[in-house]
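Two complexes follow with subunit A in common, the first pairing it with subunit B and the second with subunit C.
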Partner chain A sequence: MTGAAAIRAALVRRGTELAVLLFAISTVLFFLLRLSGDPAAVLAGDEANPETVALISARYGLDQPLIVQYWRYMASLVTLDFGESLRANQAALGLVLERLGSTLLLACLALAITAAISVPLGAWLGFRPDANARKATNAVVFVLQGVPGYIVGLLLIQLFVVEFRLLPSIGNQGPSSWILPALTLASFLVPKMVRVVAANVSEAMREDYIRTARATGAGEGEILMNHALPNALLGATALIGTQFAFLMSGSLITEVIFAWPGFGALLVDAVDQLDFPVVQAAVFVIAVLVALVNALTDILFSLLDPRLREQGR
Partner chain B sequence: MSARPATGLLPRLRVWPRRAASDAMLIAGLAMAGLLAVLTLLFGLNPPESAYTGNLMSRFQSPSLGGHVFGTDQLGRSLGARLAAGMPWSLGIALVAAIIALSIGTVMGLIAAWLPGWPRRVIRTVVDTVIAFPSLVIAVTVIALLGRGFWPLAVTLGLATWPIAARVVYAEAMSIVKRDYVVAAVLAGVGPVKVLATHVLPALRPTLLTMFAFTFADMLIAESALSFLGLGVPLSAPSWGNMLAESREHLVAAPWMMLVPAGAIVFAVVALNLIGDGIAASARKRGRAIG
Partner chain C sequence: MTSMRTLPQSSPTDETPLVALRNLRVGMPAPDGGAPVIVLDGVDLTIAKGEIVGLVGESGSGKSMMALSMIGLVPPPVRVLSGSIKLEGRELIGLPERQWRSTRGGTVGMVFQDPMTGLNPVRSVGALLTESVRRHQRVDNRRALEIAEKALLAVGVPAARERLSAYPHQLSGGLRQRVMIALALVNDPKVIIADEPTTALDATIQAQILDLLRDRLHAAGGLMITHDLGVAADICDRIAVIYHGRIVEEGPTADVLRRPRHPYTAGLLAAVPHFGSRGSRLEPIPGQPPGPTRERAACSFQPRCKHARQACALAPALVASGPERRVACHNPIEEAAR
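This part shows the complex of A and B:
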């Protein structure tokens, strides 16, 4: 398979998944909203009077037959029209897109921290199979894996904000306020990535080409840096796609803890206030983002891995 | 294929735990989980009065062996009692969600492994699609519509998680259905449901047990995350996530209000991870690779 064909295949696959996903989510949302009672009443909120409910019902065409409603709803989604936010007088999609940059900044910082910690630590763990320090590190990683990210976030606040008063903990006020949220979000991924890199390195160390490299007199450091690690990282690259979805889950919580102005916090707020246009727009943007990252990872992976480049799969 | 349900694609670290360590891990995990189960049955289902009624004279007491072992909160309620009262919520929801996820996942995985053609294609597409999407986003959105409470939460988490179980079961079952004794049973005219139930399912047992422990742990984390966001169990219920959410406003005055539920969550998750890794390791020892 050539590079171009691989890229096309990746785009088609992820594009199909995205279409199926968006269709399914929209349909489920549509029917759940109607199953759970009068959607006009839900949209209007708890304290609304009957006139408001009737007004909303007419405004959203909720007095029409179900199939007509569904058709209109789908048609408006195809044209990216999610309607206006019920709380802020703004287009829901615009509200979400405004916050895209903040969420991406946090995600990129978290990925960078994850890589900076898990690549060297994982390489060391996988490379030196018999040190006591390794066992101890493994035990620590094992326990850390059991510490949910939001607890890490609270502990960081306790330590750096409450005890030492070193760092700000609320909102985006420049680089010093990025540190704690980025560390918190990274903590969702680090224990896993350490284990993956370690497993991949230790697996690579058993491969034939390592033995060949040793036989030709390559030093241990050279073997790790030139042979084992590149292969191990290739495996880890393929995981970025799946882990990005996980990262988005984590950013919901991280953004709420640190009042970070991203769309994760926006989604949680919108759910809390039953602001469905915003919920739908946020879910849509997240779905597109995840699909995009997955497609990019597929492409990157097929370009990086010489085995895929030559043989195809 | 991975035995780690939450992530699907991540391989477990194979070189560790070692054989000797695997039994110790399993025993330690079971002991910790047993302790939680006993505490839940003893105190959780019938929590002491002090879990709900506070005493303003004794608010913000730090943990001490003489008084309240886990300290008290902003209303003077005993955190130990609240921890116990939260067990049926946090552990119960996680347990039910894990059972739902594994039941649906097992059935779907078996169907996909047994029926080539469109059933397999449809199931695999659904599974791949859902796994690629942030599960917390699905859960948050569905909860917006279903409302809060024990059952909506358990069902939502179960429904958002079954594809991970389905993928593991599918991969494992694909190799099992090709085994000679399964082929022989089919040739002997045994019906598909019976073959799957009596020949394929038992071979999946270590995988399912491992996955159950990990899924239970992940559901516990997810439940407390949702409660922490204020989208989980009713705010009056002292679930561990709700306790954490409350503690945020008192980090300066009473850091133990955060540390106590956080410690409980970590304790339970580590126990379940120990059990999962222990089962996986001992299954590997007997020559059955799970991870």
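This part shows the complex of A and C:
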């Protein structure tokens, strides 16, 4: 198979997977949302009379049979038309995309923090055979993995905002306001990544090629940096793809806590107000994002691992 | 003997062997302070310049541990308990880690058994070689690449220049082992230790690699570790047979293989199939080799030995037995008895 044909085949496969995934997610989401309540009633308000509710229902097509609604919804989905927000008079997808940048900024910062903490800490844990320090750190990491992310967020606010009044805690007001939400979001991933990097490094350290490197006179630093870590990080790279979905769910909570203007907070509000179009658009965008990031990690992985590199060529 | 010790270590004479192991004891100290578990029990061995010494024994006999102790890489909690390893008269035991590092890959080259797992999968052949070259020689990267290419050519890797950018998975098993040998030889070591270098290879490739090793080990001096008497017969000048952490017999290769004096050596030979002698039954040695133990008073081979007598309850010393021959046995096989 030539290189171009291989790439085309890979693209077709990925594209098909994504289409099936989006179809399934949209369908499940549509029926789940219809189970959750009547948006017309919510829109009309608590004291509205039945006539008003019926009027609103008719306006948004909510009075049609469910299967007709589903058909209309799926048909417009093909043209990426999610309809207008029931709250703001604006296209639902536009609302979501407006906030995409903020969410991505937070996600990238969180990933960078995760890498900056978990690579050195994991490498040290996996490399140093000092049993006591390792046990202590493992215990801390283990506990942290059990602490929900929102508790980390609230603790950070209590500490840096309320006690020391060092950092802002609301919205996006420039770099100083990025720190706490990014740290909170990172806390969802850090414990897991530390453990993965540590396990990979410690596994790599038992490989025969480490002994070979030692036999050529490599020092401990070279063993770690040139031989154990490259192999260990290769495995960790593959994990980023799957963990990105986890990161997105973390961003919902984080954005609500810090009133961060991303689509996570938007999604939570939209669910609260039964704003179906916005919920559907937001979930759709998240699904596409997760699929994209997975594809990107796969490409990155095949570029980093020499054993996969020539298969793509 | 005392006058020998006062000689300055830095001026090796012709008498100084290339490598001299004296009463080397390697083992695992007991946590309770009791007797350590012994892996090597007082090993004596010398290698002369240009000589290939074969170390023959079964798995678990301690032969690999001996190789690792010669490059200071005995895996904890096992450690060198006592004894001496001298390289051209220079004591290696107790060297600071820094000096061990310049020894490994510099003055002592090591070839390991399995080239499939022994080469880092994410580093190119050139990166592996130049890393070692630049560690031991003060050269820039371009010069290091030239040296690496030369090393690959010297071990018979075709298209050496292109191979520098190859990764281990792109090479066949035979080529990988050649790369492994190039890695051991790239800094022109004084001693080369090869630990079962052909065990993981196909028979035809084995012969090629053995030819290569014979030349290269003769150029310096080498220890060839193997469980295969055929390999030992093929390339070694002298062989030492190791059993349960002790050398039980030693001498010129042909002599030892033709006239074994230790019952264990004789047993090993009887268990090797001979080409052209169809119909003659192979005789396995009864029983199993013992694992690492604390108790070492008796001859370790006694429970499996046809020649055992009462005296064997005390382990025999390795003593001269004819010219250039040494054997550790109370009741060695005599010429007449065979």
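As a working rule, the second predicted complex is superposed on the first by the 253 of 313 C-alpha atoms of A that agree within 3 Å, B and C clash if a C-alpha of one lies under 4 Å from a C-alpha of the other, contacts with A are read in each partner's own complex, and residues count from 1 in each chain.
The rule we apply is simple: a contact is a pair of C-beta atoms (placed from the backbone, for glycine too) under 8 Å apart; a residue touches a chain by one contact, two chains touch by 3 or more.
Everything quoted here is computed from the prediction, not taken from an experiment.
Asker: Using the overlay on subunit A, decide if subunit B and subunit C clash or can fit next to each other.
Answerer: Here the two partners, once superposed via subunit A, fit next to each other without clashing.
Asker: First (subunit B), second (subunit C), both or neither: which does A:202 touch?
Answerer: First partner only, subunit B.
Asker: After superposition on the shared chain, which partner residues are touched by A:155: those of subunit B (first), subunit C (second), both, or neither?
Answerer: The first partner, subunit B, only.
Asker: If we overlay the two complexes on their shared chain A, which of subunit B and subunit C does A:98 touch? Say first, second, both or neither.
Answerer: A:98: touches no partner chain.
Asker: Of the partners subunit B and subunit C, which touch A:218 in the superposed model: first, second, both, neither?
Answerer: A:218 contacts subunit C only, not subunit B.
Asker: For A:227, using the defined touch cut-off, is the partner it touches subunit B, subunit C, both, or neither? Pick first, second, both or neither.
Answerer: second
Asker: Would you check which partner chain A:63 touches, where first means subunit B only, second means subunit C only, and both and neither mean what they say?
Answerer: Touch partners of A:63: none, neither subunit B nor subunit C.
Asker: Touch check for A:286: first (subunit B), second (subunit C), both, or neither?
Answerer: first
Asker: Just subunit B (first), just subunit C (second), both, or neither: which does A:146 touch?
Answerer: first
Asker: Using C-alpha centres in the superposed arrangement, which angle lies between subunit B and subunit C as seen from subunit A, in steps of 10 degrees?
Answerer: Placing subunit A at the corner, the angle measures out to 80 degrees.
Asker: Quick one: subunit B or subunit C, who's touching more of subunit A?
Answerer: If we count touched residues of subunit A for both partners, the winner is B.
Asker: Across all Cα pairs of subunit B and subunit C, what is the smallest distance in the superposition, given in whole Å?
Answerer: 16
Asker: Pick out the shared contact residues on subunit A: the ones touching subunit B in one complex and subunit C in the other.
Answerer: none
Asker: Name, in rising order, each residue of subunit A that touches subunit B in their complex.
Answerer: Contacts found on subunit A: 17, 20-21, 24-25, 28-29, 32-33, 36, 126, 129, 135, 138, 142-143, 145-148, 150-151, 154-155, 157-158, 162, 192, 195-196, 198-200, 202-203, 238-239, 241-243, 245-246, 248-250, 252-253, 256-257, 267-268, 271-272, 274, 276, 279, 282-283, 286-287, 290-291, 294.
Asker: Subunit A touches which residues of subunit B in the complex?
Answerer: Residues 6-16, 125-126, 128-138, 140-147, 217, 221, 224-225, 228-231, 244, 247-248, 251-252, 255, 258, 262, 265-266, 269-270, 273, 277.
Asker: Of all residues in subunit A, which touch subunit C in the complex?
Answerer: Where subunit A meets subunit C, its residues are 207-209, 211-219, 222, 226-227, 230-231, 234, 304-307, 310.
Asker: Once bound in the complex, which stretches of subunit C touch subunit A?
Answerer: Contact set of subunit C toward subunit A: 71, 73, 101-106, 110, 112, 114, 117-124, 128, 131-132, 135-136, 167, 169-170, 180, 183-184.
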